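To keep things simple, chains are lettered A, B, C, D and E as they appear, and every chain counts its residues starting from 1.
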Amino acid sequence: TAEETTIKFTLGWKTQGSDAAFFYAKDHGFFKEEGLNVVIDQGEGSGATVTRVMSGAYDAGFGDVNAIIQNASTKPQEAPVMVYMMWNQPPFAIVAKKTSGINTIKDFEGHTLGGAQGTPTTRLLPVFTRKNGLDGEKIKISNMAPNLQEPMLIKGDIDAALVFNITSYFNLVLNRQDPDKDFKWFSFGEYGLDLYSNGVMVSRKLIASNPKAVAGLVRAINKGAIAVAKDQNAGMKAALNYDNLINADVEKRRLQYSFEKLIVSPEMREIGIGDIKDDRMTRAIGIVVEGYQLARAPTPAEVFSREFLPPRAERELVYTAN
Amino acid sequence: MFGIDVRQKAWSAGLIVLFFLAWELFCLMTGMSDLVLPRPSQVFVTLVQRFPVLWPHIVQTLATTMFGFVLGVALGVALGAIIGVSKTAYDTCYPLLIGFSSIPKVAVVPIFVLWFGSGTVPAVLTALSICFFPIVVNIATGLATTEPELEDVLKALGASKLDILWNVGLPRTMPFFFASLKVAISYAFVGAVLSETVASNRGIGNVMMTASSNFNVPLVFAGLFVLAGLGVALYVVFSLIEGQVTGWATRKNDVIAT
Amino acid sequence: MFGIDVRQKAWSAGLIVLFFLAWELFCLMTGMSDLVLPRPSQVFVTLVQRFPVLWPHIVQTLATTMFGFVLGVALGVALGAIIGVSKTAYDTCYPLLIGFSSIPKVAVVPIFVLWFGSGTVPAVLTALSICFFPIVVNIATGLATTEPELEDVLKALGASKLDILWNVGLPRTMPFFFASLKVAISYAFVGAVLSETVASNRGIGNVMMTASSNFNVPLVFAGLFVLAGLGVALYVVFSLIEGQVTGWATRKNDVIAT
Amino acid sequence: MQFGARAAQIESGDLAQVLARSLNSRAPISGIWLACTLTVMRMQPKTQLDRQPRPEGAAATAIELSEVSVTFGRGDRAVPALSKTTLKIADGEFVALVGPSGCGKSTILRLVSGLVRPTSGVVIVGGREVAARAMRVGMAFQNPTMLPWMTIERNIMLPLKIVEPFRSNFRRLRKTEFRDKANALLEQVGLKGFGSRYPWQLSGGMLQRANLCRALIHEPRMLLLDEPFGALDQFTREELWAILQTLWMTHKPTVLLVTHDLREAGFLASRICVMSARPGRILDDSRVGFARPRTVAMTFEPDFVALNQKLRAFIEDARSAAEQGAG
Amino acid sequence: MQFGARAAQIESGDLAQVLARSLNSRAPISGIWLACTLTVMRMQPKTQLDRQPRPEGAAATAIELSEVSVTFGRGDRAVPALSKTTLKIADGEFVALVGPSGCGKSTILRLVSGLVRPTSGVVIVGGREVAARAMRVGMAFQNPTMLPWMTIERNIMLPLKIVEPFRSNFRRLRKTEFRDKANALLEQVGLKGFGSRYPWQLSGGMLQRANLCRALIHEPRMLLLDEPFGALDQFTREELWAILQTLWMTHKPTVLLVTHDLREAGFLASRICVMSARPGRILDDSRVGFARPRTVAMTFEPDFVALNQKLRAFIEDARSAAEQGAG
């Protein structure tokens, strides 16, 4: 209708099962209920979401909070603001082939790690090595596009890869590997890099001009996320509805993986989905500032706003795999 | 005559089939993983099976490509004519154009997206920006190398520069214009697909990106085959036009009567 | 004469400068964010500041590009000669080549990387595979449109096909060969950089990839400017050779004495 | 003498035939220049044809070259093609230009048509400095450069596409009147049926005839003909002489004809200019007084032969002088 | 008569000069064909020059066309260029081919050189069916197609680059002996100093002379000349006639000369074939008996003029017959 506010929303990547919440919200008219017409476009990377929103091409998107931190450091007035933290656990991980003889992180020394340039995993590796007392000089890095990491790992060109676990796990599955049996995973979260990651961000312009729309957007997505947590099959239906090219089996497992590894956590149970803890965020900002060698550390308030979150009671997510 | 022509076409078709057979055999013999290089037979099977799903994407890509291509041809001919006719334009535009086309379009697409949003517009623009350069170069070269004797015929009649361009320069350049179209159409596809892989919810590029992030390599190759097929189909169309328009330039066999 | 030439060059240089000025002004006036399109002055500053860091990457990219380009030219001329001379080759190869070049090289690079490892080899191959096609097309068209009268001069002497190719076909085709080199060199850069962005630890492509994930857009553009600059530099080199080799074809101004 | 018979025939008996064909042709106002020309001729007593509409002195100057030099190239490689050539041609004159190979005859034609600019000196055409564009010039190049992508017919119609007043009507008439006009001309020069061919399907002499048609089709007030009959056999040549003579007598265009055939020059021209070897200058400028219409038979008469010999001697002197100078 | 003076001069007095220049030139064995030729001539008494090394009957057949038809194009647009032409030329003969424009003269030359294959009939050259490649053929095309990217010198040296035995030595000698050879030829035809020019810097007649040089440079046993002197003035033409005659008398190549100039045919040829209008056939085949070396003066003698008139009549008949047939 005429009063509907159109919001251009960019995903973090091509259609994936883990985005089901957005599709579900759209399919079930949650956005409409809020008076919003949300147009969902596929993305080119969770970092690029920040650029897209900053440039004004998109009003909102699903992307990486660390990229916001990075931009807020230099352009605090332009950087988008995260308004709904979806993945409160970091997906950043190193995956090693068991046959390469890497059993502990100490074994990275003397081996070649494949990294995709510019991804947080790759860029935070120096912090990782420092925090864990490794000799960064002894770790060889080979750059490659993300979708080449797994094939080259399997082929043995590299011994381990700097990845997003949620992506890499399924890439290995799709490459007919057993990611649990033949590979060893080292999650950054477990090695002192307790970072936040992807969530819903909106432009400062939208916040200033139409805060109601932002609140509506968040509310609708929240409803979607909670619904999908209960019924992933319904979520997948919405995802397939959006893009019939996806591999439904794999994407459903990816969706479940996102809940199991990235969303459901003690912290989420405590403060509800979508919110953050400011002290943890402060620490995370510190890590990013160190890793990215930023000139200025932004405050958590510059990065995240809980102003638009629905009340705690509405943010109670219960995940049941089905 | 007819016999020879048919025989020749059969030969060519045979050789093309042979190429795919060789590929198939190569994969079978080396035990190539279909994650690296699928066999053509696999690709064809995927293509046929997924065709209904692919169809709207094909239409999308074809439409954006054609649109970008047509604009690119118009721009290319116009720029080529200017460069071919004016020395100053030659000195000014060539460096800028070479510079521009040395830039990977991958780097430019995000800028288009930031300006025009994702979807059709950046795809059209990318197709345009990648395909006009070969046309410019060939038109410009064709005009610059037109025999002055031919131009003199019109000059002596007091024809204007535009008359000369229209009646001598451009017709003379036609064979090379068509040559550049062959390059341009295939690059237009590359451009449109490129843009689709970066920012679009539809199109072969999007399919291939999704497929490749799923490691569905046969589907990626199915996309590539579709692109190749579209490229060849358009080439055939241009070839037919070319045969009509530039027959005079390739009159080799006509001289020997049989 | 000299005066006119210098004046013309000055004009051209002026227009090029004007182009950058217009860009600068456009950014300033529209208040364009440097995240989208940095001002040329910003880019130049970045370029100068970071030059020592960029230098080894420039060398790497230039080396791989040139290597791929040289191979591409060799392949292009050979294929073009075959296609231009033989009708069967024309019918067979053209569809395959058009098909191949309609495929975005982005899709092919990963295959190269998996076969040959990351780094220089796939970059060279990508540069080669992207740049040879315009050469093929122009050589083939040039040969196919060579005036039979010129060939008759040699045929009447009992010259072999190779003699004719060497003494008539190829020289006649030179202007269009050089035209295609302009396209080819810029695409060779695109190819090498593309491959570097996919898998490499060095090269401009690598720098641009890193810079872009750092949101250091001026550095990305510095990379683009370097590429453009390299493209133009090589273009200038070819232009000088071209002037020597194809002067006969662009003799327009010589006829009017002054 | 029998040699002239053929040409004479064209001037009398054949006319009816040519005319009838033209009138039968489909285009109503197909005002084929040559056909008209011939009609006019038939209706007037022959002796009156050699009329001079203006007294010689009063004739406006069509072409004036004063002290024109042309040097091609520069420095070491400079080739002086013309040196201080002065030539004045009145409106409606028929001037033949003869001289040794490479002496600059074609260069003079190119100067007049504005294709070459003089290194020094002034070229005035139609009252303005090198203003070929203002005139309706018909030029037959020495090398018949037909555009290879057009049929002969379309090549010949090219001037109609460019030159006013035909230009404005070109789109409308190119399929009817203009095409008929082109084909009528082609028929006149013996190329009936070859209009739809491409240039490379014609023999050398046929191309040269088509070339002549292209120079005539737009009824130019000034004709520049560079050896237009060089590749033709004697009979075709003589036929075309007659046609050209008739055309000139009717419309009085200014004609500048380059030729190596002294008989041709004598038959056609009212003035013959002999040029020296390169760098060219006008050595001799003779008026040809024979009555018109001239016949081929006349070219074998003593007066005519004497003129030829006079010219021959001139050219020979010019050549040997140049050679001694060069040697 | 004075007209012959110049040509006669070349055959006598000038020889010393030409020869001296050649011998002075740097290349030691610069065995310039023409210079040698002239030397030979000087050393023999003039009357003996017209020797016939083989009795006519015994001469091997160099060229034989039997019932050759050539049709260009197909269906509607078919143009019959030759119809059942039969022609036999003995080794060492000098045959001139005359006939109306478009009758198929160039086509015959192209048949002999293997550039066109007959639609029906057989062409035997040098004992083999269209085996031009085996012979050393020198061909001067009607339209002097010089390769535009080469200087005149390099254009002229082209046959040396292709034809054995020169080919093997080309890389070694192209800067010395071969180049001198080319320049000596150029000088002979009056193009001294133009070797380093490009084709488009030459006038029409100059190009034609360069074209002749290219046909001669590799000392072919068979010369196919298609109107080689068409664009030249009378004097240059007569000079070249003399040179060509001398060359033929010394080396006795088989020559097939297409020309429209009956004087030229009579001066040069030992046999003149008259062709009918298109589709061409040989109508008349006359032997020319005048003693050699012939002089230009001879062409004005009554016998010669009578021959010319006979040929003229033939051609005229052929033309009008064809026209009536067509009309």
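The criterion applied here is as follows: a contact is a pair of C-beta atoms (placed from the backbone, for glycine too) under 8 Å apart; a residue touches a chain by one contact, two chains touch by 3 or more.
These figures come from a predicted structure and were not determined experimentally.
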Length of the shortest touching-chain route, subunit A through to subunit D: 2
Chain pair with the most C-beta contacts: B-C
Equivalent interface positions on subunit D and subunit E, same or different at half: same
Distance between chain centroids, defined by C-alpha means - subunit C, subunit E (Å): 49
Chain centre separation (subunit C, subunit D; CA means) in Å: 50
Length of the line joining the C-alpha centres of subunit D and subunit E, rounded to whole Å: 29
Subunit A-subunit C separation of Cα centroids, rounded to whole Å: 40
Multi-chain contact residues (two or more partners), subunit E: 72-73, 115, 143, 200
Per-residue overlap in subunit A, given as positions that touch at least 2 other chains: 51, 55, 147, 151
Residues within subunit B bordering two or more other chains: 36, 110, 114-115, 148-149, 212, 246, 249, 251, 255
List of subunit C residues in touch with subunit E within their complex: 147, 149-150, 152-159, 163, 167-168, 171-172, 174, 246, 248-249, 251, 255
Subunit E residues within the subunit C interface of the complex: 110, 113-115, 132-135, 137, 139, 141, 143, 145, 147-150, 158-159, 161-163, 198, 200, 214, 218, 224
Residue ranges of subunit D touching subunit E (in the complex, touch as defined): 2-3, 6, 72-73, 77, 79, 98-102, 106, 142-143, 190, 196-197, 201-206, 209, 226-227, 230-237, 260, 262, 309, 312-313, 315-316, 319-320
Residues of subunit A defined as touching subunit B within the complex: 8, 10, 13-15, 41-42, 44, 48, 51-52, 55-58, 147, 150-151, 171, 174-176, 243-247, 250
Residue ranges of subunit C touching subunit A (in the complex, touch as defined): 33, 35-36, 110, 113-114, 117-118, 197-201, 206, 209-210, 212-215
